[in-house]
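First the structure, then my questions, so here it is.
By written order: A, B and C. Residues from 1 in each chain.
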């Protein structure tokens, strides 16, 4: 059969790479073919999600940040400094976390979705016009964030003025100065040319952009055991591939930025400099629990426990 | 499936069905053949709503509203009077001014539909009064508005830049050359038109008259300041500039000039809403139709059969131009860019064409597509605003389309038209 | 109305120069009899108020957002979502209003060249087919809203259920379908050819107001 798979990024970005690997694996190990639909070709994130729920699409990649409207608990990935800043620990966490591999699949199932994989896409860094070394440097900076209450909370806590703006207007708004900053994972800063209209990249280790691939649940449950196995194996293979692909992606993306624009200042803040940013995490955590109640609290606690064991296993 | 859909659509269109119906029926047929029935039509509703979702669309009704207030009041006329004291005595002067105003406003506002209303609204009656034929005036307004796609900020270029991993700054600069070239050619055609049709000129205004006109236009001159200064100066986004114009127009016409009362304001809002609705329902239906084309992977099927890779640079550029030209005739330009650019990207790379050049050529095709029948958003806007029949709005189009096609071909053979400024600015 | 469109344009061009024309959307008088007419007029009034109110609110909202950013250094966090709600309201209140006033965009070149009896027959077909698809879309829009309601999605900033903002959609489709259905009936009952229930064909409504 022909299966359809839509994602939120372009073909050459992380979600596209994952999808291509998944497609390759499924087609190599079965008679099925997969058609890929990159960003925008079938609508925005919320559209492709609904189409997957309706069964028009068999697979969809939607980042939990966008899933917040459907599954509020998914916003836990926006709590700053929750995810480990070290890549190896992060990978171990994603492989073994009970919250990710047991609790979230139940929440997604309630929405008619079979959660196949969650994986990190890279550390989120800020691009701004002036160097940022402390929250004081973000004062009076109009900072573009996605329309997500928790992200707005975060940047308020960091001292900036969060300014929600549709993605299509961000480049122009940075160029003309309506906003002075925005955040995204490294590869995305490179591919979307954010460095052309800003001067400084600052990485403070507050977040690693997480995304999730799922299948329509009725479709998945209706498959033969053999086909389900093919999909699971393809997911695992694509997961290993994408973690490997990402090993040096952040550094390479930042290097490419530096090559394209030598005047770009790229700063990674020291432990000492990160402290005042890290201290704001509690505030945002509290906001998360207020928004999601008991169930959110449970997920948050489980994630913390998982993280602890992930860092101990290193 | 594609043949059936396009065939049915053209027939319905020609028979005089409301324009939304061919698009809606096209989408219905698509859904039926894709899913073996009407079970998935809720997705059609979803995509219609997605079509009118982009926040940047808000600039359209806001600029329409501001322009409507200015036109009912005095601002628009005072501004045009000022322009006329400088260009009224030149053959074709008013037409050239209109073309330039459309280009400038469209470039800055980022909305060609808003341009048709804001510039075309007040200037069309003046051009008719000056003796221009309506079909020329309408075609000039629609086509000159579309030059704006090439001049930054350009949403089409931003999306192309992201999808093809091309520098957006370079694209922006590269669009300026062709944009100005087209404006010059349109101006040239306008002057030839004025001379051949012997459009009368006004007596040359004295400097005293010019000064008086400037004084009268002092307040309304705030509009270009808000729009151009506000957007390029980094104070407003296009949508915000539109809102600022509404506020300023209300202050001028209701308080300073006292030319509009609350009843008139209500009527203006209603007519703005009506124009917005008849255009946006077509945007919505077009989005649903575009989704079908994209989901069925029709472009991939057609292009896969062509065998582009063996064509060499010139051949590839021609195929790209034609594909985008045809695509934009029927489908929303943004979707066309998103779907087609990744298909062509490997070919462009393998034959070694500058992706910036490709971006400019594609943007130009998008501009042409928006002004070309059968489906062109700016044609729809002109019909809604000026209440002229479809055929009347497109009757004067051919010379303009011809100019645009000539520029397309020229760009393929003389890429420096686009790349000259880029190379200068980026020291390449 | 078989005159050459160019001549037509020349003679009327100046009478209808812009959308700012005062006469274009004058008070609506229903052509339906009695009680139905009263309801029709009430609906027309609601549509008009929704249209004008939508535009005015959108302007107020966007202006307030700009002022907020400059004066108080703070954007209105729900401004974008409110505008999204309003654009849906304007579009779907507007399509039935436009149907009522015969203002939907169409390409009438071939239609205009046909003899009157053919034009009349074609207009009946056009109106019926259009009505059918509007009712169809109404049906699926209701389905879409029910699906949305079942999923419980909320708007991120306003935190209201997403399906609320779509309520105008099926209403707009239904009212538009009803207008076209009535247009078909009107054309069957009367001698003249009607673009909508009260607008005769032709592009200048000042000469056709019934």
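Note that in this section a residue touches a chain if its C-beta (ideal position, glycine included) is under 8 Å from a C-beta of that chain, and two chains touch if they have at least 3 such contacts.
All values derive from a computational prediction rather than experimental measurement.
At the centre of the protein atoms shown, by the Cα-centroid criterion, sits B. Between the interfaces A-B and A-C, more contacting C-beta pairs are found at A-B. Chain centres here are Cα averages; for chain B and chain C they lie 23 Å apart. Here the spacing of chain A and chain B, counted between their Cα centres, is 35 Å. Chain A and chain C, compared by their mean Cα positions, are separated by 41 Å.
Multi-chain contact residues of chain A (touching two or more other chains) are listed as 50, 54, 166. Within chain B, the positions touching two or more other chains are listed as 42, 46, 53, 55, 236, 240.
Multi-chain contact residues, meaning those touching two or more other chains, occur in chain C at positions 69, 80, 147.
The touching residues of chain A, when paired with chain B in their complex, are 4, 10-12, 35, 37-44, 47, 50-51, 54, 56, 165-166, 168-169, 171-173, 175-178, 191-193, 196-197, 260.
By the touch criterion stated above, chain C contacts chain A in their complex at residues 69, 73-75, 77, 80-81, 147, 151-157, 162.
Within the complex formed with chain B, the residues of chain C that make contact are 5-6, 9-10, 13-14, 16-22, 24-25, 48, 51-56, 58-59, 62-63, 65-66, 69, 80, 83-84, 87-88, 90-95, 97-98, 101, 103-112, 122, 126, 129-130, 133, 136-137, 140-141, 143-144, 147, 166, 169, 203-204.
Here chain A touches chain C in the complex through residues 46, 50, 53-54, 68-70, 111, 140, 142, 147-149, 152, 161, 163-164, 166, going by the rule given at the top. Note for the complex: chain B touches chain A at residues 35, 40, 42-43, 46-47, 50, 53-56, 110, 153, 155, 158-159, 161-163, 165, 167-169, 231-237, 240, 291, 294-295, 297, 334-335, 338-339, 342.
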